[in-house]
Structures are given as C-alpha cells and as structure tokens.
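Heads up: the structure comes next, in structure tokens.
Chain naming follows the written order as A, B, C, D and E, and within any one chain the residues start at number 1.
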Amino acid sequence: MQSDETVLSLEAVTKRFGGLVVLDGIDMVVGRGELVGLIGPNGAGKSTLFNVMTAIYAPTRGKVRFKGNDITGAAPHLICRHGIARTFQLVRTFLTMTAFENVMVGAVYGSGGRVRHAREAAETALDLVGLGAKRDVTTAHMTLSDRRLLEIARAVASEPSLLLLDEPMAGLNPTEIRQMVEVIRRTRSEKGISILWVEHKVDAIMKVCSRVVVLDHGVKIADGTPAEIVANRKVIEAYLGEPVA
Amino acid sequence: AGDEIVIGAPVSLTGPFAGDGKEQEWAYKQAVADINKAGGIMIKEAGKKLPVRLVIADDESTEAKVASAIENLVKVQKVDILLSTHSGPLNVAGAIVAEKYKKFYMITAAFPFEWQPLKMKYSALFFFHPGPGAEVPFEIWQKLPENERPKRPALVTEDSPDGKGFGGAFEAAAKKYGYTFAFNDPWATGSTDYSAMITKLKAADADAMLVFGSPADTVTLIRQMKELGFSVPYFHGWKGTWTGEFHDALGKDSDYVLTDGFWSASYPYNGAKELGERYEAEYKKDSVTVGAFYANAQVLFQAIERAGSTDAAAVHDAIFNQEFKDTVVGPLKFDETGFALIPSVATQWWEGKHQLLFPNGTWTYKPAPAWDKR
Amino acid sequence: MLEVTDLEVAYGDVRALWGVSIHVDAGSVVAIVGANGAGKTTLLKAISGLVPAKRGEIKLSGTSLLGRLPEDIARLGIAHVPEGRGLFRQMTVLENLELGAFQPKARANMKRALEKAYDLFPRLKERTGQKAGSLSGGEQQMLAIARATMSEPSLLILDEPSIGLSPLVVQQMFQLIEALHKQGVTILLVEQNIHQALKIADYAFVLKTGELAMQGTGAELIADPEVQKAYMGVLEL
Amino acid sequence: MANVSWKWAAALLTIILALVPFWPGAIDSYLLSFLFFVFIYAVMAQGWNLVAGFGGQISLGSHAFFGLGAYTTAILWSGNYLWGSLYETFPRIYYFDPVTMVLSGLVAALAAALIGLPLLSKLRGDYFALGTLGFGEIVKVIFVNGGDFTGGAFGVIAPSSTFETLMPHYWTGLGLTVGTAVAIGWLMRSRYGLALIAVRDDEMAASANGINTLKVKVAAFAGSAFIAGLAGSLYSYYIFHVGPDSVFNLDWMLLPLMMTVVGGTGTILGPVLGAFIMYAVFDVARIIVPDYHPIISGLTIILAMLFLPKGLVRKILPMSVARN
Amino acid sequence: MTLPSPEILLQLSINGALGGAMYGVAAVGLSLIFGTMRLIFLAQGAMIILAAYLVRALFQHLGIDPFLSLLIMVPVGLVAGWLIYQGLFRKAAAEEDRNISLLIAVGVMFLVQNLMTVIWGGNTAAVVTTYTASGIELLGVRASFTRSMGFLIALAGTALVVLFLRKTLVGKAVRAASEDMTAATLMGISPHKVNAIAFAIGIALAGAAGVAVATTFPFNPFAGFIFSLKALVALALGGIGNVTGALAGGIILGLIEAYTQFFISGGWTNAIAYGVFLAVLMFKPEGLFSRPYKKA
C-alpha cells in the first residue's frame, strides 16, 4: 500500500515498558486524505501508539515515516511542525488562556511560525469547529465537549497533513457526538487533512471511516473496511462482543 | 545637635552575629553611661560639656542591612557621628555609606586589609593585623625550649573571609620563623563531620594545630578529636576559642587550649580591670572583646573633644596621625591611613579562665597531654 | 433514602445548579442524564460534599448532609466514583482496593470484599501488585469501580463509569451494576450511554443546563419522544 | 476599561516616583534609600516572576544570578584583571556605566542558559526547584574558592570615592523597575508570551502544538537571570563590596519570592506592589522593635500567606485584568 | 596521592556514615512532609535546633539525660507537629499554589530562629554530659559514642516510619492522600488528618534529631539552615518521597563529604556534595534507589 499517496507509515513499531510488551511489531499506513479508525480493547496500546508517533515515547524498535521522512524520535515540537497534530485522551487545553489564544498557539507555533497569517488560520479553525462565538472564553470555564472541539481547532490551526484524534467522543452525548462527527468530516473534506482516529464509539467509527485498524494486546489483528471488520471473528471475540448493527 | 551629641551605631542584634552584637551593644552602653556620668564631652565652642545619646540600629548581620541601618540612623535619627558594627564585610559596607553622608565612622573589629583599600577619609580603624596576629604562636614557640617546640604544625582554617585572610598570614609567618606546615587545609563553615580531616592530621603526625574557625565548628572539631583519640600538645584557636560558650561546651576539655582575643581584663591599662569585673558581674563569665568595643567609644569621645565638634573633617584631623594614650586597650597611635595597631592577645584556658600568655603574660604555657593522660 | 431538595450550587459567580430536586429510593438504580455541562457532576459532588451548596437541602435517610466534610459523608455509606477515576496512581492495585475499605466499618469485611471485587474483575487480580498509574484507561476505570465497592456502600455514586471503555467492557460494566443492584446496593448513576442507563434504571432524571427538565421511570423516558430526539437519536449521519 | 485605568494608575505612580527627588528635602530624607531598596527587590521579584509566575518553573536559584551580576560589575569595576582600571582612567564615565550593567546581566543570563539547558531538559517542578537551589550553593563555593579573581571568601572591593549622592542609584533603580515591568508586559503580549503561558499550562500539549518547550523555558530562565544580574549590578554600585556571603545570600532569593507571592504571582504589578509593602513592613518593624523584628517579619509572612494566598493584586483586581 | 590503607578507608567510611545519618534523619522528616504535602519544609532544620535547645533545657534544669529525653521529645514533637499543621498549614494545604506553604515554612523558620535568639541568645550553646566526646570501638575502628547513638536513633526512627507507611492502613492512607486529596476524601480519609499525621511524625523526627544534635554538636539558633539544605540533598539522593531512600541518601552524603575532605580538600565538600546532588537530579531524578516511572 506504500505509495506517493502515503502520508504516514509505521514499520514494525515495538514498544516495551520494562518487561511489558505494549506494542508488538505494528505495521500500518495512512494514505493522503484518508480517515482511518483505530479501535481495540482497553489497554491494547492505542494511546501508546500515538505517543510513539508524536515522539513522547521513543519506540523500542521500528520506524515511523512521515511523507517519506524518517521521523522516529524527533522532538515532539518538530513532529508537529512536520505536519502531525494530535488531541489527547484526557483533554489538554491551556486552562488559563481563552479559546482564541489556545488556537493561536497551534497557529503560530505549529506551522513553524508564520505569524502574519496565524490570526486568520486561528479564526478559520475556530469557525470550523463552531466555537467562533466562544473565542474569548477562558477554557477553564468551558465544558468538556467544547474543550474537545477546541483541541481539534488548535490542532487544525497548525495546518497539519495528519491529525491524530484520541477518543474525541469519550464522555459526549449523542447530540454532541453528531456535532463531533460533523467536525471530523469537515476537517477532512474542507481541509484535506488525513485523520487517524482512536475511538470506542464503534458505530461512529464504522459509519465515518473508510478503513479501520484493530489492535489487541499490542498486536494488529485486523485492517480493512468497516464491513470487513464488523464481520471479522477475531475482532468480535476480542472487542465488539456482539455484532454492531 | 545643639545640647547633646547623638551617636549612632549599627549593631548585629539579630542574625548569625547576634552573639557578638550583644557584647558590642553592652560595651557601647557602658562607655556612654560612663562618659555621661562624667558630665559628657567637653565641647569648647559650646563652652560646656554636652551629654551623649546613643542610638542603636540592628544590621541583621548582613551588609545590605548595615547600609540601610546607617541610612536610617543618619536620615531619620539624625545622628551626629557613628560607631562601628562587627566584622570586616559589615564594616566595609558601613564605612562607605557613612563616607557618603560625611559622618565619621569609628571602627574596630575589622582587618586593615579589608578596610584600607577603601582609602576612607571619614573613618578610622584600630585592630590587630593578621600579620603580627599570626606571628603570636611562633613568638610563643620561640620562647619554648628547643625540644618542646612543634616539629610538624598543622594549619586548619574555615572557608570565610577572615579565615582565608588569616590562613595567608599564618603561611607568611611560618616562612618568616622557619616552619613548614605538615598539614594545611580549609574546611567549609558549618561542617558537622571532621573525621576525615582528623584522620589526615593523624596520618600527617601533626603535633600542633593553628585553627581559625567559629565557636561551634571548633568545639565540634575538638570533641571529635577526643572521640577519635587524637590530640596535639599545642592547640591554638582564633575566633572560636575565646568565648565563654567555648568553655561551656567543652568543660574540662577546654583546658590547655590557647586562644586569641582583642583584649584582656588583665591588661594594666586604666579601667580594664574594672570593665572586666563589671562584665563578669553581669554575665558570670569573662570576655576578651568588650574592651575593644569600649575603647572604640573612648577614642571617639576623645576625638570629638579634641576636634571640638562632630564634624567629620575635624574628627578626621583629630584622629589621623594622632595618638590616644588613655584607653582600655592601651595607647593607640593612628597612622596616616587612619589605622592603629593593637596587639593580638594569646591566653590559655585553665579551669574556666583565660590566663594571659602573650603579650607579657605571667602564665607559663602548659602543653596538652594525650586525652587519656589528663 | 436520598432526598435532594431545591439544591443550588455555584462555582464563584457561575451558577451550575438552579434549584434541583431528586430522590433515590433504597434499593433502586437511579440515573441522571443530560448534556455536557448540564450539572450532573456538580450534583454528585454536592451530594458527597466536594462542593458546597448555596441553598437547598440534601438528606440521607433523614440526616442532613449539608456542611459535612466529604470524608464524613463517605463514612455515612456513600461511595463516589468520580469523573476521572481518582486512583492513587503510585500505589498498587491491591493498596487502592484496601483504601476503598478505609472506613472503620468496612475494614472488618475487607477480605471478603476483596474476594468479591477480584471475582468481578479478574483482570485486576492479575495486576494486583502493579501500580495503578500504569494500567490502561479501561483497567483504571475498572479499578475505580472495584475500589468503590470495597466499602460495601449503601449508596454507590458512579459518574460516567463507561467513559473510555470498549463496548465489551461497557456491557460487562452494566451487568456488574445490575448485579450490585440485585445485592441490594442503591445506585446513583450519571451516564452518557443513555440508552443503556435508562434500560437498567428504575427511575431517571434529566438535567438541562442546571435545571431538572424531566423525570420518570427508565421505561417512560426511553419511550418519551423528546428524550429520544434530544439525547438518544440513533446517529443520523 | 478596568485594564486601562490600571495602566493609568501605574503610569501615575511612576510619575510620582519620578518626582520624589524634586520634593524639597527629599534628597536628604530616608525615603530615597528606602525606595532604592524597594526598587532592587522589585526588580528581583519581577525577574523571578517571569520564570516562575509566567513560566511556571519555580526557581530557587535567583540569588546566584544576582551574585553573578554583582560580581561581574565589581570585578570589571575594580579593573585589575582585564585591561587595567577603566574606573581610574575615566571615573565619571565609568561610574554607572550602562555597558557594565548590561554585561553583568548577560553574564548571569549566560550562566542561566548553560545550567538551564541540562536542568530544564531533565527536571520538572520540585526537582527543578531543588536543582536551582543546589546550583546557587555551588556557585557560592566556586566564588569562595575562586582565588584572586573573585577575591576568595572576602570578595571584591570597588573604589567608592565618587559615591556622593544616591540620586543615580535612585534613577537607575526606578528605571529598572519600570523598564522590567514594561518589558515583561510587552513580552507577555507577544507570541513569546503565548508560548510561555502554554508551557506553564500544559507542557505536553504545548510541545505537541509545535512549541520548543525547552527553548521557551531556558529563555525565560535566562531572561529572569538577566534581570537578576541587572539588580546585582545596581547593588554592587551601591555597596562597593561584593563578597560571597552577602551577594549569594539566600535572602536575595527568598525575599523577592515572598514579595512576588504577596503581590500576586503571574501579574505585572504584583511583584512591585509586594516589594513595596513587604519592605515597608520589615523596615518599620526594624525601627520600632530592633531586638524582635525578625519575629514580626516571620509573623507577617505567615499571616500574609494565610489570609492573602492569591496575592494582593488578585485580591483587588478581577482575574482577567490581573493577568495582563 | 597513593591509595590509603584499608584501615583508613574503613575509618573514613564508618565516621562518614555516622555523620551522614544525622542528615538522613532530618531528610526522613522532610521526605514525609514533602511526600504528603509537596512542601519543602525549609524550617525543619530550625525545628531540629529548637528541639536541641529543649533537650538542653531539660538537661540543665531538670537533669534529664539527653538520650532519655527522647521519651519526651518524640511525643512533644508529635503534638507540636499536629498543632503546627492545624494552625499554619491546614489552609494552605488546600491551595493549589504550593509557594504559599513554602513561604509559610520560611516564615516559621524566621520566627523560630529569632524566637530562639530572643530566649537563649545568639551564642553557641552546648550540652555537656559524662559521655560527651567519648569514643567507642566499632569494627576495630574508633568512633564517636554520641554519633553512633545518633545513627541508631536515625535507623530506628526510619524503620518505624517505614513500617507505619507500608503496613498500616492509616499509613497507606497517608500515601494515598499525598497523591490525590480529593479521591482520598471519597474513601473517607480526612486529608487534613493525614497531613497532620505526616507533620506530626516529621516534627517528632526533628525532636529525635534534636537529641542526636544536642549530644554531638554545639549549636546556635541559625545552625539549622545548613541541616535543611543537607537534608534536601539527602532527600534528592534518596528519591523524593522515598523514606528509606532519604536515610540512605543522608548516609551517602556523609560518605561523600568524608571522602571529599580526605581526598580533595575540606573547602570543596559543599561544592562536591551539591554537584553530586545536581548530577543525581539530572540523571536519576527519581533518586538512586527507585525505578523510573512515567505515564503520558
């Protein structure tokens, strides 16, 4: 599957903590403009995989390639400037800043420091997630759902080619989930950003993603279209428990 | 001023030097009380004796606070003239601020090498010089019979301005008298463990120790020497060994230790004995410093009288190149830089008392036997 | 058993609850649902004493809880699994569980409670000596719930227990809640997984921006078209 | 609105302070020397506030940078080392030489950058605080053992004969106080300020959003050291004797820290206000009860922390204004 | 320099270890308070000196033997620690800004130092007993009797604290509350009570350390600060919050100082000690004895 259209590719990525093998030889690619879902039971290693891609952890073995460049173990801020942005499983906004200031951080620093057009990029990103009206609210006073959206806006403002989302829907209600799905779709279609998306809300993943990757105990057990995944025995045993409608 | 003379003094009432500060405060107060009992200081212009009022400000044992204490004494308390605080660095800070306001600052308890480079017009200093001060042990040794003289003396100093100053002076003096140190090493102030140093001293087979350090450090050192079974016949301490606390902390183990001092109540000078008795009556111990502080005030009083005013320039002329015959530290002769040398004292502790050994003491030096032979 | 009347809570000037009244009968499962920021967590925190009430009354079996410290309320038999789990990350799984039975009353039964907890979550037994902070998100949630059961509480408060759990574990979790319910534990549950929550709830309250919008039995609310439209609508994507 | 009026108030205060020396009799009053020390502490406090208040990195080593600045000035000034005594050749020009002051700041900043790189890349939070404390002690020992160059344990004496009035000190102190406040205020509005706050709020998120967190933290640390170095230089011009026990005294770190917290950490006005009030309390206590005043100072600190934990500025200003 | 004989090395090691145990016991108290309250209790050294003064007072006025006065100092320390926490730190402990507690500690330090100066004067004070400055044979090496006793006190104190923290539920509650106060309250743990317990034990250890100090060193009101600093170094060597590590850290620090004094120079002991401290912080910030642990 590796081609010019490949944005990200992982080659035999392994991560060990002491004796515990958390990621075991993961191979995976994300193509340009693709929206890939990443699912798996608790503790499968999804967040760890994100942490390896964004250089928060160095992999024990293996390589991370981005647009053909080996970025394994580059500094986290450089990874962002290369064009990989992310959100966190436990939301991390800058609590004493306003929504706009949060997004400005991504716009100014994430894109490598083109200040002149940062304001514009920040405004666009806030509008994209529908937080334009709350731009001057301090994020400590925002709801979880707004902060999740804000994290996405901040990531988008850095104008990445790949966006990593770590459970953006955890703790959201269906209305908000719909809103979030809409934002994710727009991010891809309007901005042309490739997305790798970790989620337990499997129905949302299945409906939106073009391809789904499944991890279990640090091993990739499946990779295919939602239809294939839903029918995959291994996946059902390990994760879904019952077929999803 | 008008009908009284106001004298200001920064003193370390709080902070690490508060112990010395209290003695200094006591001595200044005695001096002022004594002069006022005599009617005050004769000022010719006024045609009468003017009483003295003493204003003390705390310098918290730090330089910045000496400076602001003097600012306060001059600006708020409107003092006419100043007496010094204690220690070189503090007095350097004090002298500079006093100079700025053209208030005369009379100093003791600072070394000339600290103060002289400032080339001050409006302060004068009397104290002993580490040079001659450091020669005292060698002078004592010269007087001993050949076979009792130390062969392998050790130099042990704390890592402080005065310790470093003295260290150099001891080295120079040793050269002059033809001794070489078998051991020469500083320690960090406030150390709690000297076992490694003692081990080294043992290995160097030292038979005399010249020690410059604070009371606490010196006591710890001696205690640990005893604990580890190491002693030298000749143990001479500076700064840390003269205080009453030194004896309190060591009891009988303080016997045989030689100590420095700026002064002794055994001096034959006018008022020395009486001052010593007064101190002993109040604090139940003797002091080897209060005389110097008392004399500091005496010099200033006499200088004001000679100058006929507290004007800094006039007091300068009354002190620089002048002599003061009648003080409790003896006669003082100030040179053209405003410095007068006093002799350094050496006493030996014996049964809780300082026995004057140098200069001109009547006491005969006793070498210390090993710990288990005492 | 639990009676909350006309409760008002504010964070500084920001009012979070505007006169909310709910009641929980002994032995029942009561669900509280509502959008983000509706004040669900705030309500739970007020009950367990983590935030002070501005006005109103909270009573547990007739005793007022107002003005009591959270630790005292816990001793009265309320176990609260907070949002974000509140695990002692540097301590082992076992130590976390033991601390769940810290109150004098629970200490006596610690052994039995421990066995029960390990039965419910065999995964935790495997990791009994591991530090809680090194568990995955889902494992941590399990530990938090297991820990709360250790005090054998009369009222168990769960704030979004299914957050971050995989579907399989979510199902297990709801089964567990039912099991606890059958054992006679009274449960107050805040959930985003509204369908599941309402299915097991005897009674439920819907909060909307700090006010009570609706209440009824679980079945009633599931059937209510308003609720269906606002909160449960199958994703129309 | 409130924001604007506070700026006016600060400007007005600056003008009043600038007019103080013109008040009849002011030059001969204690007020000038009191304010001079307030300025030194305010500058130190502002510097600490930059790295700790805005940057979130609690440093316990600012006294080391104060001392480095003081030593640099004194060593250059006494002039025995590099090119002979500049001072003796040009006494009037050399006195309060801005070049030496800036150089003193730079030496401190350079030291901070060198030590900050390893410390800040490896240490977080309390560990960083402890590391800076250890660094301060090491610097002190190095200067004590520095031989003739640092004057050893006694330190360096600078020629003091031109010291006739406190006016240059007052003006410089006022200038530094206002200058650092304005500079930091401006900085915090720039993109650098955005990065600094981001790093303070959440370091991991900041780096994931393209901020080189190490660079930002080291820059703040060095900037804070630069300010401390300037304060040390000014102090050196006042005290003329720079010795390890005095300029590496922990008080130069603890008191500004306390003043910042009392005034309001992470605010621009807080450190200045805190320095003024705390120094006034200490000074008044020292004059009124010379034997017991440290007890009063101790009590004041405790009481201030118990009843004003967020600082004065936040007590009297709304949060959003206080931050700017 | 040639390598010294094994006897000398043993001599250095034993005396260094005995000296270091004093830092260790101060560090254990700090570690406990730091662990639960995240507070660098800078006043710990001043509290130790205060205890030393009290030991001296008991000895001089009531004739109570300093080592016997442990039986008084430890309970008094427990009560005093409890009261200090309730009176001074309770409110600040709830604040997020930890500078506040730090500054209260600084205030306490100023206050205690100067109270001691007012009551007992600024001069050096000491306790002289029949066993002061006596030595004993230890492993064929001469060692100080009082320092050996101090070592035992440090060892026993640490062992008791560790047992308490590891084996009792209340001890576990102390550890739990130090990690997450809110969660602990939900378990029915009163965070203020556990903080107060940590403080009580910390000050009780200061009381015990006071006995060790009073019997061994002369002291003055300002002598405590260096203890606080050295204890911090020991704390970092041992790993912050690690109680046994703190004692071991103190002993290691004592050894470092002894070796530096012997092999390099007494003037460099502090620089080397702090240098090692920095190196440990940087390369093994979790201390010399704990395994790394990190979570994103």
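Methods note: a contact is a pair of C-beta atoms (placed from the backbone, for glycine too) under 8 Å apart; a residue touches a chain by one contact, two chains touch by 3 or more.
Source: prediction; values computed, not measured.
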TODO: Please identify which chain has its centre, taken as the mean of its CA atoms, farthest from the centre of chain D.
DONE: C
Task: Centroid-based (C-alpha) most distant chain relative to chain A - done: B
TODO: For the pairs B-E and C-E, output the one whose chains share more C-beta pairs in contact.
DONE: B-E
Task: Whole-Å gap separating chain D and chain E, where each centre is the average of the chain's CA atoms - done: 32
Open item on the list: Based only on mean CA positions, could you tell me how far chain A sits from chain C in angstrom?
Closed with: 30
Task: Interchain centroid distance [CA atoms averaged], chain A/chain E, Å - done: 48
- [ ] Compute the distance, rounded to whole Å, between the mean C-alpha positions of chain B and chain D.
- [x] 36
TODO: Enumerate the residues of chain A that touch no fewer than two other chains.
DONE: 47, 56
Task: Residues within chain D bordering two or more other chains - done: 141, 144-145, 204, 291, 294
Open item on the list: If a residue has to touch 2 or more other chains to count, which residues of chain E qualify?
Closed with: 114, 117, 267-268, 270, 296
Task: chain A partner contacts - residues on chain D that touch it in the complex - done: 191, 194-195, 197-198, 200-202, 204-213, 320, 323
Task: Interface residues, chain E side, partner chain C - complex - done: 169, 172-173, 175-176, 179-180, 182-191, 293, 295
Open item on the list: Help me check something: in the complex, which residues belonging to chain D touch chain E?
Closed with: 52, 58, 118-119, 122-123, 126-127, 129-131, 133-135, 137-138, 141-142, 144-145, 204, 250, 254, 257-258, 261, 265, 291-292, 294-295, 297-302, 304-306, 309-310
- [ ] Report the residues of chain E in contact with chain B in the complex, numbered from low to high.
- [x] 4, 8, 11-12, 15-16, 19-20, 22, 114, 117, 121-126, 128, 132-135, 142-147, 216-223, 226, 254, 257-262, 265-270
- [ ] Enumerate the contact residues on chain C facing chain A in the complex.
- [x] 14, 33-37, 84, 134-139, 141, 160, 163-171, 192, 194, 230-233, 235-237
